[in-house]
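Letters A, B, C and D name the chains as they come in the text, with residue numbers starting at 1 for each one.
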Amino acid sequence: MNRLAMELPGLSLKNPIMPASGCFGFGKEYSEFYNLNELGSIMIKATTRETRFGNPTPRVAETSSGMLNAIGLQNPGLDHVMEHELPWLEKYDVPIIANVAGSTVDDYVEVSKRISTAPNVQALELNISCPNVKHGGIAFGTDPHTARELTQKVKEVSSVPVYVKLSPNVSSIVDMALAVEAGGADGLTMINTLVGMRLDRKTGMPIIANKTGGLSGPAIKPVALRMVYEVSQKTSLPIIAMGGVQDAYDALDFISAGASAVAVGTANFVDPHVCPTIIKDLDQILQEWNVNHILDLRGRSWMTHGEAAHHRA
Amino acid sequence: MIEQQNMTIVSHRSIAEDIFELVLEGSLTNRMTSPGQFVHVKVTSGSDPLLRRPISICSINQSLNQFTMLYRVSGSGTGTKVLSNLPKGSKVNVLGPLGNGFPLDELEAGQSALLIGGGIGVPPLYELSKRLTERGVNVTHILGFQQKSAVFYQEEFEELGDTYVATVDGSHGIKGFVTDVVDQLSLKSDAYYTCGPTPMLRAVEQKFEHTTGFISMEERMGCGIGACLACVCHVNGDESGLLYKKVCSDGPVFKRGEVIL
Amino acid sequence: MNRLAMELPGLSLKNPIMPASGCFGFGKEYSEFYNLNELGSIMIKATTRETRFGNPTPRVAETSSGMLNAIGLQNPGLDHVMEHELPWLEKYDVPIIANVAGSTVDDYVEVSKRISTAPNVQALELNISCPNVKHGGIAFGTDPHTARELTQKVKEVSSVPVYVKLSPNVSSIVDMALAVEAGGADGLTMINTLVGMRLDRKTGMPIIANKTGGLSGPAIKPVALRMVYEVSQKTSLPIIAMGGVQDAYDALDFISAGASAVAVGTANFVDPHVCPTIIKDLDQILQEWNVNHILDLRGRSWMTHGEAAHHRA
Amino acid sequence: MIEQQNMTIVSHRSIAEDIFELVLEGSLTNRMTSPGQFVHVKVTSGSDPLLRRPISICSINQSLNQFTMLYRVSGSGTGTKVLSNLPKGSKVNVLGPLGNGFPLDELEAGQSALLIGGGIGVPPLYELSKRLTERGVNVTHILGFQQKSAVFYQEEFEELGDTYVATVDGSHGIKGFVTDVVDQLSLKSDAYYTCGPTPMLRAVEQKFEHTTGFISMEERMGCGIGACLACVCHVNGDESGLLYKKVCSDGPVFKRGEVIL
């Protein structure tokens, strides 16, 4: 019995676990640790129209149970990704979710149009939530109107379903979700990083050259979980959730909160084997719990305590 | 092949002010080939500290399945502080060996090498010096520290070759920086190998404009294996500004002039 | 030489360290551990017009380097606070900052008017950022227009300066700060908690009875620091900062980011002596660093790296 | 007076499945007066886990300056799991003693007491039983556990008085709940003292409607000293719904009927 396989728009997933964008490059490095075929999917590093170097270093800093990063969307550019990275990944039987970024609407449209034609790209992830670039990124992700328009434009040109990656740095995550749903999004991915900062103890200066960075890791899990809980009850879009997942229980929490699949970011840096370990553990836990399919647990946190008592009885 | 392993602490002691020597045992040691490589250490299993710490391999004892690292405790509440409290017998999760070390075949028996280390950049030079002397290379060490209390491994290096120690405040050895030692003693060699703070690396690179040299870089890291792009540096002579090297996987050792310090 | 004393609107502070509202009750419990005269100030528990029981239990849950709480503004009500809690505190020579909450604008106005007349209340802290109540609280703290109006109305009736406590759960914290500044606020306190959630591993149900709670502790420090950094450069209001402060270095980080004083919340639960310890350590660190006054370090993170190099030379 | 102290682990061992016995030494022990009080334990100095853990005092040895606590490791990645890995000699930061324990002067020599504990609610009854027997009170214990592997301290309790053990699955002692034991054996007493899961406390309270009783409550805590209002419970007979008791500082022991379970 396969407890973990599922169908999401554009994606036939062996299991709901995938590395999050930017935390796995284009797969090569981690392919030295395990067979990438074990993964449900791979969210590749943000791709922009042009080659980008990104921000000056230092680009990362550690915080309590978290880390800040300001890579600044460094990537080899659309042409290189189309010609080298995606073809290299074709040797694996894993659907690719291409993370798309840009400075202007045109950038997003152009990258989406072309990258969605790659044979192994089964879905796009619109990155309207990168906090580490001056133009584009989060600017598109904090105003519902802009986000809706961008989604619409990308939907017009994309050959595959479009997931929109939401930023947590907003007053109402539900409004953002409803806006991109209205724009025609096929799914949501959430959350990107919270904007944060760390100072050098002695000099008082920001450690990260970009001054601020995006906070990820276990520290943000409670915020991510709450947002998935809220959004999943207000939209009908499937959610691929992320934020601080370290083990199978964390992944189950996001499913319980209302997500359908789960991505793992920062934890890859701590343990390169974390994704296959989670996949293995998930299957075992579900077996122990006598749960036929992981999606049977989806949204179980929505119940009132009364309902829950009833359900258990 | 990079591996992840819970290794056992077989010895752990303070060897200078805030400097610890940690000896770890496990089969991972067999994979360590090149001096100058490093390991990525997860100090505790919890999420505080969350990330691994990059620490150079200081010496390798493959027959005992042990390797040694030297590290500085950088303050209260840091990961290295937590590490320093682990007693003998504890397990430490190690990812490694990582990166590319110093090339050994650049020099032949009878040739001379200058090894220049500053502060916590000194450790990787120790295994390097052992390997070079094994090859019959004549090795001279210049080790720079802040002050006397920070000096470590002087005797260990002296056993392998001429060793000059400099301290910034003159409280031990020669007063000044490692480059002052080079000037005062007019030291020359067929190649140099250096590791330490970036300003020191720059000064060394300038001083030996016409000598083959290998430089070990430091940068804050995420993954340590080349996936996250936290640790990039620019490439010399690249006008586009778009080329880069990853310190963790292309380095940490680069040929002189290869990357912008 | 007194390196720590300072004057802020309404407040003559011996030092810039004070317990944060809700984490210190009305002082009685901690007075068993040390003399409250050591504190710069005390931010007392939120007071509402009427007595409130608050939310059902469980009210707290732990997360990675943080905690969630949903106390729900339990407090004995304005009359009781005026007649018992504040008079009890009069035996200490410490200025009190009264945290004011309510469900309606009228509530805030009424509580502010009366509590600001208490002899030891030297400033108000308008709590427009409590995430744990159905009415009022955060609803006032996420819309700039509403926040500005509330501030104005309270300013009209308050006998002491008014600080407004900002919520981090907004798209633009600077807009909120500018709004309450325009409304006449005398100062800002920030940040209140981030809305978060934790689920029970086995049942998948929220641990906190209120379902969501406010995230505090070291986990949120990077977010708090970034917000203080942003706001302090855009307004001229003094800031009392909080969020994850555990030791003197954390407090200095907030001063470096642009705050004038620092409040300590969750850390009191971990170490009841944390406030006096921070005060003692601060003095010693400044002495070691040869800094004459803590405010000489205020905003040092604002410099560009170039300026910083210059400054150090 | 409540104090905060780094205490030393003098003994630490597993005594049943996931159950550990921890003996700590330090002068804080002198402040422990009443059985049923608890301590608030900071497991490590870092921020993960952040909060203290409330654990009951199980027995006090003032001549040795030592006290014992028994705790259950509630899963992987929990604070109690981290605690269980600390070896003898380690320091643990303890805040205590906290709360109000079981009153001893309710009974006189010759009178009888029923002590009813469920699972990890059993430990505080041990010091209570010692004190009551010292006073000459006849003590009977009913201890309930899930299954055989979870049973602990049976012999210790047997030394002090009649002891009945019940397991839910019947794998040890009497099959069923502690209240089933009360029914089967028609146990009666002048007063009862109980600690355990809330449903058990409710069942016990109902069973002994006319007996003096003392009930130890559990609630998730923040401060542990009465300041944060995390641990409140409603008061019986309060129609306004506004009265409350704090489990940490008004309790954890309440008189039967005082608060709403």
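Operating definition for what follows: contacts are C-beta pairs under 8 Å (C-beta built on N, C-alpha and C of every residue); 3 or more make two chains touch, one makes a residue touch a chain.
As the structure is a computational prediction, the values presented were derived from the model and not from experiment.
S.K.: Can you name the chains that touch chain B as well as chain D?
M.R.: A, C
S.K.: So, what's the distance in Å between the C-alpha centres of chain B and chain A?
M.R.: 36
S.K.: Round to the nearest whole Å and give the separation of the Cα centres of chain B and chain C.
M.R.: 45
S.K.: Which parts of chain D, given as residue numbers and ranges, touch two or more other chains?
M.R.: Where chain D meets two or more other chains at a single residue, that happens at 47-49, 77.
S.K.: Going by the contact rule already set, what residues in chain C reach two or more other chains?
M.R.: 64-66, 201, 217-219, 249, in rising order.
S.K.: Line, ring, star, complete or other: which describes how these chains touch one another?
M.R.: Complete.
S.K.: Considering the complex alone, what residue numbers of chain C touch chain A?
M.R.: Touching chain A: residues 63-66, 68, 142-143, 169-172, 194-199, 201, 203-206, 209, 211-212, 215, 217-223, 225-226, 229, 244, 249, 252-253, 256-257, 297, 300-301, 303, 305, 308, 312 of chain C.
S.K.: Quick check on the complex: what are the chain D residues that touch chain A?
M.R.: Spelled out, the residues of chain D in touch with chain A are 47-48, 77.
S.K.: Name, in rising order, each residue of chain C that touches chain B in their complex.
M.R.: It is residues 64-65, 218, 247, 249 of chain C that touch chain B.
S.K.: Okay, in this complex, where on chain D does chain C touch?
M.R.: So the residues of chain D touching chain C come out as 1-2, 4, 42, 47-52, 75, 79, 95, 219-234, 241-242, 244, 249.
S.K.: Which stretch or stretches of chain A touch chain B in the complex?
M.R.: Answer in residue numbers: 22-25, 28-30, 32-33, 45, 51-54, 57-62, 64-67, 69, 71, 74, 201, 207, 217-219, 246, 266, 268-273.
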